[in-house]
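Next up: the structures, one after another.
One chain, subunit A, appears in both complexes that follow, with subunit B as partner in the first and subunit C in the second.
Then we have the complex of A and B:
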């Protein structure tokens, strides 16, 4: 096994790229969990929907797929609001089992709905930059992946600004930290639920756009595995902790690709869960979680 | 006395009733159709192949039924075929459920299909217990008819094994690609060709790996395996594995992957990892979706085959090959694939075996399959006759190697046969961008 710096740099780069998809998915999931304390198992299906919307708009309009990301986020944000209002709000506080089975049901609704509309064959989108590479040292990095990393950073920076600098963001954080307290000070927590679900869904949509732009195949069933990883990242980083989701996502992306390089491809998934087990043994609340959450 | 008479009358009535019921049961037992169970992967990693296997099996059944069905001597009439298709989801546990349903609930007379070797291997215990003849048309691990831990005597391999095409592809690499590289880059004859293998971690992938190793060893080929990387079934991200392969400086890469995986391997190797090398592909990739998926990134790659949707070698079955493609296009509006044509033929093979057996008795049908000698009809078979070898019940297909060349009109790559010399359309080409592993 060669241990050349350039090769390791390239493996690290693939890890960063994989981490970006995980981060967007896990951050959205964590935002929803933080505010509503619900677990949406159909979160991966929002990524899948984002992928289909991106590919469809791209095929119809020929627009730059990176420009389509804003439209996809808007559409999925609205879809998220509808899901929250019609599905989760009526059962909020009625027990975890209801939430779990509702979201499991949504998985089938989305998968079958998409299969009905677009078919279930594997599809792929060819980015206009797919043949463009950027030299970094002795290696050539594809431009698409560099853009994906930059776009992810911009989205996270935007989310951070929203949560820290705006009154809406502060209200979301307050609801996340203490729902009753937020209600007492006059925050409309149900509105925060709706907005958080919308933002979380929009982040999954962004992950879906970046998924297809990177040339990954997509079909109605692609959401399940990334969603499982995102859940695992949420637990690793700490329930409700957005920095935890970011660090966890990066750690997973890099560890998976490192394991694939040093140990072989079949270790890719195992290493993620091994890290989760080790972290939970030493920090049962996750890397950034607080006890009692 | 009166009591004894009553009992006697009751006994006679009981016997009569039993005889009558037995007669009814015998009448009911006469089958109205021949049930063929098709085991295909309609979802999961093998779904784009499974779709063609299903459609091709349906086409064969529809053709046979249009001629009245299968003549079964025991009933002195032709019986129509009822095809029961089940989805194994390209998962071993789902495969077991699918085959259990077909053999226990549907009581099929014969099984046809089976794509993933890992899935088919997992179902073998059920088939062995139920003793249902199984014409395997996709799963290519030789273990399917050679393993010793279950009774494989009801399994008939109607596709080349990983050992067969693994050896064939390795010989092509040694006899065609290696000399071409040596000539272009002025390498000496004794420079070994640097081969990297990227294989699915399954009976199929491991079978290809051992087929290549065996060919190199037994034939003393000047090929060095510089890297072998495995990946799990259904993987979509091969960038790191390909980066690890690139670090070992290969001349040629041989992935053992399904079309959904191989497409990503080719695209990611050429687009993302800048592997300017020749990529080989196993015959299962001779599927229309593969040509579409690899786009221009697949240009100059190599595809081993025995039936291609876009070319056919000159042979006595060329007309049948063309007719099959035209009929398939007319029925489904798309090109067929290689595993599909095997399954199409597999249905005919099963029907012929039933006709030869003259009964639906499963052991008799198994024996008829073992003794089958049927003229080739769509795919070219060595010696021109479909016969299963007496030892491991395998058929010897005529294979060929194609190189994919970009076709502006189609907007996709199209195959050109480059080996063997007896059927080749053009010479193998090393593209300008090709870079050997080492100087």
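Then we have the complex of A and C:
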């Protein structure tokens, strides 16, 4: 019995850790969706690019990988702004299918651009703490996992402060609630589009950094599945609801790792889509969604 | 010397058919070209099937599921019952259609991203089911050998295969054309443009959406079976997301919601794709396709088929 409890704790902890990556992705998608009402399916490619930038800076400078996270977020924030200006702004309001198709194109460009620069072999980054573990109860938890959870909480707290306390954050929330109303009171909504896309991309970069520093294998194709899952978390939690994204992210992380442990690795990806399909059959607008589409 | 618009499209269709029929002769029966042409024709069928569903306003990102199901069902029946693959591809299409109907039932209330996510996830789930619990019959990740469409000892085998697949594809496109020209086509367009208004006009969206889903899955299943018998091998890799993305890319490139769009898109992109491969570009060709897709979505949202019209409008505006 004690053993089973330990296993459950372990699975729960893995889920928590995997959930952090999903939460960062889903929160970014949600922020962008809230303001622009669009979805970038190539969001995971930003995670992947973030992973490569962190790994490259780490290899060149030898800095503590966790210290690189801010730099990577800044770089990807700029990349996000460029994507928004060049790709998504021209198709704003031309129909939702166009976003899906445009994102497909972006996925191909990013994956193969990265493969062209860095090659497509699987790589691993060795964190300086990879051998350090912390005993929690009867199990040994890798220190990296604990740092990742703490970093995620810090980033989310920072985002929350930004959105609630600063005038920029208030403008973003206003645009998100009512675009026309925001325009009337003099908010430059296009600038808000740009900024929220940048912040969303920076969150994906943070997820990518945490992905590599935790010692997960990375190659140019790692981004798509997490992003699609993150988007299904967004749907599950209700479009535009950030608490929904956090609950959904944790749920997915735990369900996946539970499924992988108890049913076998092949079920890891399927279980999350199974949850999504079942939820959508009964609630086509998601768990916390209101009217939806 | 103004050619009637209708007769012009007839001429173009006739020319395209002529090229398709004469291609093996023009290509000098090169094994490589014939091989590429066969795969291209299969993808024309696949893209047309996907586009048929998109015509009713439903964009699937998981058509690999039906493509693979068609392939697996046809292969397994052909292997276990010893039937000729020519008969079993129909079974593949029918099973894909039934599963498509069931998925359509779950998706009938969903739109856009929701539908895209559910269909994408469905392909992931089907892959897991085929690779793991059904591995005793499907051979798991190792895959299984699939019998050739026609007895492989036939002299000039590929030539016959090409014409057989071409005939099936043309027949399917004619069916799609007839359906879209009938009341069903009007209903699809009405639902796509505005479901609520369509309902107000007395159209039952559920019925028509299910019809679109079922027939699209059927044709996709046939295309998948043809592909698998052509390459004579099938593994769960067939359910990969990329399989789902190609028909989407081809259809958008050519022109969404038109009969000729998927055909033109598939032909041009296949030629471009193989041309870039000849140049020894691997990643670059994906980048080229991705950039083209972005450019088409932004600047030519109705695809290449609308290019003459767009140019004419531009020209007329400049003149006027």
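Keep this in mind: the second predicted complex is superposed on the first by the 286 of 293 C-alpha atoms of A that agree within 3 Å, B and C clash if a C-alpha of one lies under 4 Å from a C-alpha of the other, contacts with A are read in each partner's own complex, and residues count from 1 in each chain.
Convention: a residue touches a chain if its C-beta (ideal position, glycine included) is under 8 Å from a C-beta of that chain, and two chains touch if they have at least 3 such contacts.
Bear in mind that the values here come from a model prediction, so they are computed numbers and not experimental data.
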Now for A:266: first (subunit B), second (subunit C), both, or neither, which partner does it touch?
-> both
Look at A:112 in the shared chain and tell me whether it touches subunit B only, subunit C only, both, or neither; answer first, second, both or neither.
-> second
Touching A:183, do we find subunit B (first), subunit C (second), both, or neither?
-> neither
Considering only touches as defined above, state whether A:7 meets subunit B (first), subunit C (second), both or neither.
-> first
Identify the partner contact of A:102: answer first if only subunit B is touched, second if only subunit C is, both if each is, neither if none is.
-> second
Subunit A positions touched by subunit B in one structure and by subunit C in the second = 120, 264, 266, 269
Residues of subunit C that touch subunit A when the two form their complex = 54, 59, 61, 106, 109-114, 116-118, 120-122, 124-125, 127-129, 131-132, 241, 245, 248-249, 252, 256, 283-284, 286-287, 289-294, 297-298, 301
Residues on subunit B engaged by subunit A in the complex (per definition of touch) = 43, 47-48, 51, 201, 229-232, 235-241, 243-244, 246-248, 260, 263-264, 267-268, 271-274, 289, 293, 295
Subunit C partner, complex, touching residues on subunit A are 39, 87, 90-91, 94, 96-98, 100-102, 104-109, 111-113, 115-116, 120, 224, 228, 231-232, 235, 264, 266-267, 269-270, 272-274, 276-277, 280-281, 284, 293
Sites on subunit A touched by subunit B in the complex = 1-2, 4, 7, 10-11, 14-15, 17-18, 120-122, 124, 126, 130-131, 133, 140, 142, 145, 215-217, 219, 221, 257, 260-261, 264-266, 268-269
